[in-house]
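Input: one structure, supplied below.
In this document, chain identifiers A, B, C, D, E, F, G and H correspond to the written order of the chains, with residue numbering beginning at 1 in each.
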């Protein structure tokens, strides 16, 4: 069981985490952040296993992972 | 729950000004993690290039120097020769290292300067707006190769690891990419080797990271990752080109 | 007639082309015109602004120290340029990314939720054209028609497929003013 | 007459060069002049010319040297740090007496500085940033139209004097878009080049060198080069004047700053201040004689630059104490506004003509940024 | 006091540097300064310092930049073409506000030129051969003893103002042998360097850069730099005068030319001509105030250089029309002889003081070569 | 009797200013002979270096250009690109080509500029008085390596043919010496190949000639010849490193 | 049967030809040339076979060979 | 006392060290002295000359426009410098390489077959010391003893084995004058 925190202000909406999450736990949000980017959003359906793949691949080091 | 992934201490807690999907960010994180893990932050001097990563000095919590375009290996030489016990690394783009800075990297390598070179090959000049780099692929469009790079006019893409490996002073040369968790893990190992070699006084280590530039390639971040895997890796094979550790 | 406008936002918002379209339209209407960009250090995500000066006379300074109008697409540079707009000048404000509470009150102000409006048309990237429509309609510096006619001239041919979208955005902006 | 088209200064200089039969361009990217190599990469092949992105500015200037050796009109372009790297090459080209054109789209310095407009490479351009007694024939366009026209002028000067010529532009003139008129054909004057090293076929060998190991020989070459500069100083002085006849104060500025000064001048006249504008177009040769004349006529001067004070030295040398030369400069990419310059003009007038002018309050309308 | 030993200027500057705690040298061979890296390669290791022959002058200046960043007194040396290659690096060092010393043993130019003595890199040194508004703190030794002493002076200036300093020498001063006295210990002043990038241990990180992307920031840095130059202009002006009090004509010359002028002056005095000598030691800051004062006292000037006329511009700017400034120069490695300068002084006196002087025949004893 | 050996036409009939026993002279003659034999003298442009052979332009009866130190490949590129049907060669020393001119030769090679490069490796800076060159042997005395070159301080000797051969644009790279009639014959064949390749449009060809510098080595001419054979050839093996002709 | 001509003014006395001549037909002369060098001298004992080795090896291209 | 001498020849003749030895000797005798070289472009075979000025007063110009003495070791530079020697000056001529017929007659002339004399001692390379011996003995600028004492100071230690040869050559030159 895991959980991630996406730091919205660091996120640039590149969708890399969305693509790489093996559990499809991340989606793009509808909101803009202050830079005008859609940021990504943790779905938190309980399937996240804290594998850190999203965090490892995030170019902006915007994700923290808990397990 | 326990935090199992967080920003390395050596990476400042600010937003980096790279484009969405630019792997400069991953490379930064890996270097910062290695510095953290080796416990050398307070002993490290980073030399920044001119290129998109010119602002590395704003993102790294260690002492840093901004070098003139291409001259980072010479600056690093000046630092390391004067302070042999400091950890000195350069971080350079393909324009910086493989074009204007060719003489400086070749001679730092030939001299076996005991430094670690982080080389970001994104096959383009990112910062100046997408001109051809020495590593731009044949056929690749850039703002100075309209219609795609043609070797008759613009020469061949340059393979830096292959060029430098034969030089006596090179301890380690590896090409990695940043396009998957496995590749990122390999990249980190290579970076760690490059720093460890320096601590061990082995000579110059270089890690070439195939990197994305979605903006100047004119593709989405994901397509940029695919381009590295499918196109760049074919011409720039991943692997360790030299390792004095055997 | 002499109009100085600064358009400002972040990289990727299409600030530059918005100004270039205005400049082109002004040229086709026989005016003197200068467009001048100013880039932030980063290719994307950095700041971006440009100045357009349209005049019936020859233009001296291509730099505007005190613009008649500021088109603000993003909070950051808006904060920077707002103070130098002439007293009684005009502010065209993208409220999707600028807090209305931060806007000067001694100017004519037009509030435009440009990102939202652009998304309504189908692409947030057309927010710049919404703003340009508002600008042109509210200043009358050039006609909306000249602007529309300039689109195919200014867009590079590989982006001509985007012209219809941009046209709608421009019209939407213009209509907003005309009511 | 050609049609009016909207163009960047950096694009115009490319079209101007190609119209002037430039057939070789070697460059390296640097902001704010990237459009020059970029347009060149498109346009040169269309006219059968050579475009090559060099590995560095140093390589680029030496490729230009090679192309110039074979008699081809060749050009390179860069911005401040990149121009510094060309200094050795430029000195060689001047020493070997070869024609070529170098464009500097100046940016903020020193060092990496920034990419904003500046005029702080004036000394480098006109005094000799490289070693030895050479000069660059230097011209300073102030509009997109002139970016086009100065290309041919620069090549003509270069060929006429077998000496490198520089177009000293800046981030404003290079980056701004203006409508320009492109003539159907450009007047340009390419002399025969019997000295070119095109292969010693049917003639004795040609040697192009700047090495003269015997001082007497090198002095002779230097005197020849100095004689060319003396000739250019008689024939190639270019400037523009605006309302200087009745002016008490003459603003002296070149390039984009001159445009801003022109706006300040118009403002000043509206306020009844007798301000004129003198705009050197050729920076070397500098229009010293005319400035000296104006000084003798009693004009006072205010030199305005985006620098800490460089051209002002040439103004002072020209005026030679006959009247007053004030200076106002902004640094590091800051661009002076028209009102700011107007304020300075007021101050100068007040000081120089305390009886006629008591300007008192400044004209600035808003404090910040000015 | 140390013993008298016979030494070349190029060797003396090495000993001077090492005595001044210089602990890093990076250079590249070029005549006529090869003795500098050669002696350094021997001496540096003896004091535990760094000697490295770089792959080029560009690499050398950037190595110096690196060494300066970590607070070490670092030096490079070259001659004219090699100095031109350092222009970008020098501008960076000035922009990042770092101290270091650059030695230029000038030779004939432009281009490859020759290896004979010249002074044609004056503009490059004092006006800014690189881009942007920076200056080199420039001093000009005229003897082997001064080559030794100026090393410490240059390092002190560099450290005091966090700015590169240049020793502007030439093939005569660099190559000649003279007896010098080496003191047992050299006075030198090395300040603390808390800005040095030696590793962020026990303090927050240090960043050394010349990049200030926001024009306001870069202007602020530039103003700071200009303020340093203003301070140096008050405090660091150095010159030497010989018999100027009663002189009608003051020769103005620096470096080896000043020595030759001194002989001419002695000859002139023997012939009853009231000739003095003014020798700027600091070229930037230039001793303008004193020259202006001398001009007000009615002195006339004859500037003598091995160039087409470079320092003479600074003399004219200082004198600002108050009196006459003549110029005599030799080019391309030619060295003016004492009698030749005497002749010129005679001509100047005759023209300036037609009543007191009718020199008529020249003093030259043999025509050729003079 | 018939004249069976005489000066080539392309070599001027003047005394060359090289020291006694300096093989610059042999190299000059071979290049001149090849130009004669290919009949291209009137079509040839030579680019001279800065180094002892700076005066090549006084000795060759073809058009010549004196390039700045290290920049001959860039100058040659400018010439060749503008006049592709001319024969363009550079003649460069080891300081010129392998130190200051590293970037220019590497990139001319990588671009595959269709030129011929004559590279004189005498392991020293001849003209400036015997300082270390990038190719100076370990242990070799020079005026800037008192006590002999030590790799820890002054780096390793650089092998230029090995460095350049991997580059795509290189058509031909060979190392020869000039120390015996057989070696001279091989050298001439290599030079001829380098010129013929250019006529055939094959790309960049480089011939590295191990050469003597009795003066700066401080030995007699004969001992200098022996030093090349016995010491230099061990570190710089003779042979063809690349040949696109197969 | 061969013969060589050593152009004394071009010769620098390096002795390379002396060393390489398989027939030992060349010796160093006692005279100085105008540059102050001892030049080499053809012995002409009739043993020269015109093999051109001397000329091929002469760094100063000072030798002409006849056969 | 003020003596200016130019010594000239070709590379490899030891012109520079000859001047340096004189300079050193003058220094040990407490004189002001300057030595200044001028090299030809080539390391060997090119031209070489140096100027030495010895004076009881401080020395201004280190360059001699009109030397008191010319020591000529080779025809080429001898031709160049001979015309600037002061009328009534002194010419010391190496007749092994300079044609006596080309020598000015309005000066004191000393003819020295220096190469031959040096070969007699055992090495033509000592011709420079023969000339120096002649120079010192005929001008008296410094004593022969000072010159002899300077040899070990000026020669680098690895060349000290050559000192006896050079001493003999110096003495031979000096004796030639003293007769």
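The rule is simple: contacts are C-beta pairs under 8 Å (C-beta built on N, C-alpha and C of every residue); 3 or more make two chains touch, one makes a residue touch a chain.
Just so it is clear, the structure is predicted and the values come from calculations on it, not from any experiment.
Counting only chains that touch, the fewest steps needed to get from subunit D to subunit G is 2. Here E-F and D-F are compared, and the pair linked by more C-beta contacts is D-F.
Our note on geometry: subunit B versus subunit F, Cα centroid distance of 34 Å, whole angstroms. Centre-to-centre separation between subunit A and subunit G, using Cα means, comes to 84 Å.
Residue positions 41, 45 of subunit C each touch two or more of the other chains.
For subunit D, the set of residues that touch two or more other chains comprises 31, 52, 55-56, 58, 81, 88, 92, 96, 111-112, 114-116, 209-211, 213, 335.
Counting partner chains per residue, subunit G shows two or more touched chains at residues 12, 35.
Taken together, the subunit A residues at the contact with subunit C in this complex read 12, 32, 34-36. Interface residues of subunit F facing subunit D in the complex, by the touch rule stated above, are 41-45, 47-48, 54, 57-58, 60-68, 71, 74-83, 86, 103-104, 106-107. Residues of subunit E touching subunit F in their complex: 28-31, 34, 37-38, 41-42, 45, 51-53, 55-57, 81, 111-112.
Put simply, subunit H touches subunit G in their complex at residues 10, 12-13, 45, 74-75, 96-97, 115.
For subunit F in complex with subunit G, the residues that touch the partner chain are 1-7, 11, 15-16, 18-26, 28-29, 180-181, 184-185, 214, 220-222, 225.
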